[in-house]
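Look at the two complexes coming up: subunit A is in both, with subunit B in one and subunit C in the other.
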Partner chain A sequence: MFAPIVVVLLASINSSQYFQFPPSGLSLRWYRAVFTPEWMGPASFSFVLATVSAALATLLGSLGAFAVVRYRFRGREALAALLESPIGVPSIVLGVALLQFFSIAGAKSLIGFPALLLAHTVETVPFVTRTAYVSLVGIDRSLELAAMNLGARPWQTLRSVTLPLIKPGLFAGGAFAFVVSFNNVNLSLFLVRPGQITLPIRIMNFLEFGTAPVLAAVNILSLSVIILVFATAERVGGFTQFIYGR
Partner chain B sequence: MVADVELVGVTKRYGNLEAVSRISLRVEQGEFFTLLGPSGCGKTTTLSLIAGFTDPTEGLVFLRGECVNYRPPYERNTAMVFQNYALFPHMTVWDNVAFGLRMRGVARAEVERRVGEALERVRLRGLEGRYPRQLSGGQQQRVALARAIVTQPAVLLLDEPLSNLDLKLREAMRLEIKALQRDLGITTIYVTHDQSEALVMSDRIAVMNHGRIEQVGSPAEIYERPVTPFVASFIGTTNFLRVRSLNVEPNGLASVVTQGGLELAAVVGSRVEGERLLVAIRPEKIQLTAEREGGHRSYRGLIRHAIYLGATWRYVIELESGEQIVVDRTSGDSPDAFGVGRYVNVQFPQHNCLVIAE
Partner chain C sequence: MRLNLVSAWRATLRGKVPLLPSHLIVAVPPTLYLLILFVIPLLFLLSVSFLRQEAGLIVNELTFENYRKLLTDRFYVRIIYRTLLMSLFVATAVTTLSYPVAYFLTRTRSRWKPLLLGLALAPELSGVVLRTYGWLVILEPDGLLNGLLMRTGFVKTPIRLVHNYVGVAIGLSHVLLTFGIFTVMASLQGVDPMLELAAQNLGANRWRTFMHVTLPLSLPGVVGSFFLTFAVAAGAYATPAILGGKTVEVLSTFIYSQLLYILNWPLASAASVILVLMVVGTLLLLNRLGGRRSFVL
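This part shows the complex of A and B:
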């Protein structure tokens, strides 16, 4: 499973213009090429987009899950289905649909970051809804009753008991949301505009002119970003606790 | 005087199911009051109604004279110890115990002092920084107790708190909880299905069945003078003999002829007119003597089984009337005379034969 990554890693520190194995010499020249506006622009754009959309998705997904788990109301099943539905729609279809929607609505000026943010949030909400839902259902209800019995008002109970207990689930969902957004091609393809391009789209564009070792370095760097995000989510939210239990 | 807890005609329905039916009870200041009954009898629902986790369909709940119907749990000043303890897993022992005081906005210095005292009381000093999962079951139990008493509640509610502990620890904790309750003088409602727990700890017991209270009384009253067959059989073991005819004298004493034809002198419990009647008698109250001794109103019986229970022998005896009874005898009293297959004389002391309605 890790073999391709090892190959890419070796390619990224290869000094030659062409990919050779074993490498003819070691060099960081491709990394120097990456740390230029040409690549760092899309990379930081993608990072900001993924961070903001993951945060939004976490907020919306957890609120939705909370409503579905804790309240009985008309349209409860409908809300649950709505929150899950983006997973069932091929994202390329969603991308085209959103593009047409913005055109028809006369909101072409929103193409770029606002449209991407909307699309990525919609796409990633189900991941957070799922994890938040599972976390909420898994909470021992007597803990919340105990808090209220000890004098905690509903919002105090939420803040001091419920949220800390579902935190690992929220961070797990948020981390997945980040990765889904950071790697997304299908939606972004239709919604980027010059100067507001995501990293995967930049890579696609670059690939039209053939491959080059600089891509290996780009890959390694984007992989590092994802690892860093997961490490942070684990450190702050302890999300492996959600995935593997205590 | 105003009772600390009073329920008046309280009913709780879930759909068609009546979990609690027209319950009325008063729990006085400082009393240790137990709700005893089998699972599903409504005892935990009753506790939830007092804590405010759910509201009655009918009837009124009073705490210290104030009607608290529809008042949320966080405004009721009760403190519950849950069956699974419900300790907050993400908080240390200290933060768990301090929780109730912090929610009430108690000043920091006073929180320090009172949490310290509460932990001292349950002998958990030194474990303040531990998390619940790092504690044994008995220690978790004591954290739950400390967390409840530290808020000085109007009433302490205990929901089968000992059911997750092993036997030895359970017996030790019974005494510990009882001592704590007595020292603090805190009004306590204790829910359990364990009759010996109820007998050991309670000032008064309410025996519940199918959402109703069958009898309220001191442990001795409940044991010696059960008013229904359910109470008599739920607490300890009881022999029931069907009554064929009953003759009650004005002084409350009665002579009874049982289905099998035994003529017994008995006392009458409550409400016995015109219903199917039983004579209830505890196994340890029945007297056995060697066959040849005999005597007035003594009956011959055959020992079918003899079971050694340590402190006592339990005999299953078939009377010549065809009725079968269980008799307990202290094991020191010459068990040789009472082997299986031997005949003995059986006597039923009048004041221990209780006539009750079926």
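This part shows the complex of A and C:
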């Protein structure tokens, strides 16, 4: 199961131009090649995109989950279905649809970062919604009642009781949203433009002309970004609490 | 929802309520977002699929021509058929492989369980491009596996493992394995181990217990895993493009080239609609076979 990742890791520190096993020598030369604008440009572009998209998705997803869990209104079931539905449509179809939509609606200038942000967020909202649902259903409402009983205004209760209780769920959803956006291929394919290109698409374009060890180093770098993001989310939000139960 | 919005708006205009009721404040932003950027674009796509394209320009004229072409011309039918076959194969392989792993991860009492769960989740984080690239390094003609096979003398010339459907199926199955494991696990966690003990107490052997108690109870997870992996495999682009090269054509790669190189939007749209119908059709079929609503939707 881990074979491909281990192979990539070995290939990235292998000194020769061709991949050999066992490696003939060790070197960090491929990593030096990564730290050039050619790769750091797309890498930082993807990082900013995934961060903003995860934040937007966390906002929209938690609002949606809050509406569905806490309120009873007409169309509540429809909203719940709508919030889940992006998972049910192949994302390549959504990519095609959005490219055509932006073009036909005269918003072709959005192609690039804005379009990528809007599209990735559609894809990531369901992830946050799900974790936010679970957190909201799981909290003890008497804590909120107690706060209000003690004179807290609704807004104050939300900020100092409800939000801290669902924080692990929101960070878990946000971290997954980051990963989905950072690794996304199917939507980005249609919405990148020269100069505004994501890392996975840059790698895909490079692969059309064959493999090179520098790609292994690029891939390992992108994996370390994700690990770093998860470590930060865990540090700040403690989301393993959410995954493994309290 | 919309009715509510309208009546609330009217009430506000008449000065009856000072503010929108609060469920609207939380419900409206995500609803609008998904309506504008998800529902409406998909409706656009649906309508474009019924338009005619002539000499590179879209003509404002309704037609079933795109669908007729895709569903009768042998060239296109083969693409659809191969996509279906490949996705069915991947879904079956992934679900079969993930069941034992999921069973172990659910039932293990090891204190390393959190670590094992983390390890099972880890590949999912590394992204489809990285893992597919890893398989390319392994499966290439001058790659790891062929080198190993030739050195040990199993084969004389490299076997072709990439740029065909075998490579794509291997790559996709691996990419989706984590997905399968966690879907099956979600369902297995709901199966009370006491029921298994009860069956064994009543004289059932392990095999019978599994077939008559565990498997039926975890069936929603199996169906869910099958459906999810089928849906993702059917729409996957990166793995067929990287491991399949120019020789593998599935719906996703076909849609991509029609849209961006051939610039035939109506045909690309119709192919996208067929892809969605394939996924939805599988879901309906699985729901019917399962006899109850599946785990997923």
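Keep this in mind: the second predicted complex is superposed on the first by the 246 of 246 C-alpha atoms of A that agree within 3 Å, B and C clash if a C-alpha of one lies under 4 Å from a C-alpha of the other, contacts with A are read in each partner's own complex, and residues count from 1 in each chain.
In this section, contacts are C-beta pairs under 8 Å (C-beta built on N, C-alpha and C of every residue); 3 or more make two chains touch, one makes a residue touch a chain.
Predicted model only: the values in this text are computed from it and were never measured.
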Clash or fit (per the criteria above) of subunit B with subunit C on subunit A: fit
Partner chain(s) touched by A:Ala172 [first = subunit B, second = subunit C, both, neither]: neither
Dominant toucher of subunit A (residue count), subunit B or subunit C: C
Subunit B versus subunit C as contact partner of A:Leu118, first or second or both or neither: second
Subunit B versus subunit C as contact partner of A:Leu187, first or second or both or neither: neither
First (subunit B), second (subunit C), both or neither touched by A:Val161: first
Angle at subunit A between subunit B and subunit C, C-alpha centres, nearest 10 degrees: 90
Subunit B versus subunit C as contact partner of A:Ala147, first or second or both or neither: first
Overlay on shared chain A, then closest C-alpha pair between subunit B and subunit C (Å): 16
Contact residues common to both interfaces of subunit A (with subunit B and with subunit C): none
Complex contacts: residues of subunit B adjacent to subunit A: 51, 53, 72-74, 78-80, 82, 84, 86, 88-90, 99-100, 103-104, 133, 147, 151
Complex interface listing, subunit A residues touching subunit B: 140, 142-143, 145-153, 156, 160-161, 164-165, 246
Residues of subunit A that touch subunit C when the two form their complex: 1-5, 7-8, 11, 18-21, 59-61, 63-64, 66-67, 70-71, 73-76, 78-79, 82-86, 88-94, 96-101, 104, 118-119, 121-122, 125, 179, 182-183, 185-186, 189-190, 200, 203-204, 207, 211, 215-216, 219, 222-223, 226-227, 230, 240, 243-244
Subunit A-facing residues of subunit C, complex: 1-4, 22-23, 26-27, 29-31, 33-35, 37-42, 44-45, 48, 114, 117, 119, 122-138, 140, 142-144, 147-148, 174, 177, 231-232, 234-238, 241-242, 252, 255-256, 259-260, 265, 268-269, 272, 275-276, 279-280, 283, 297
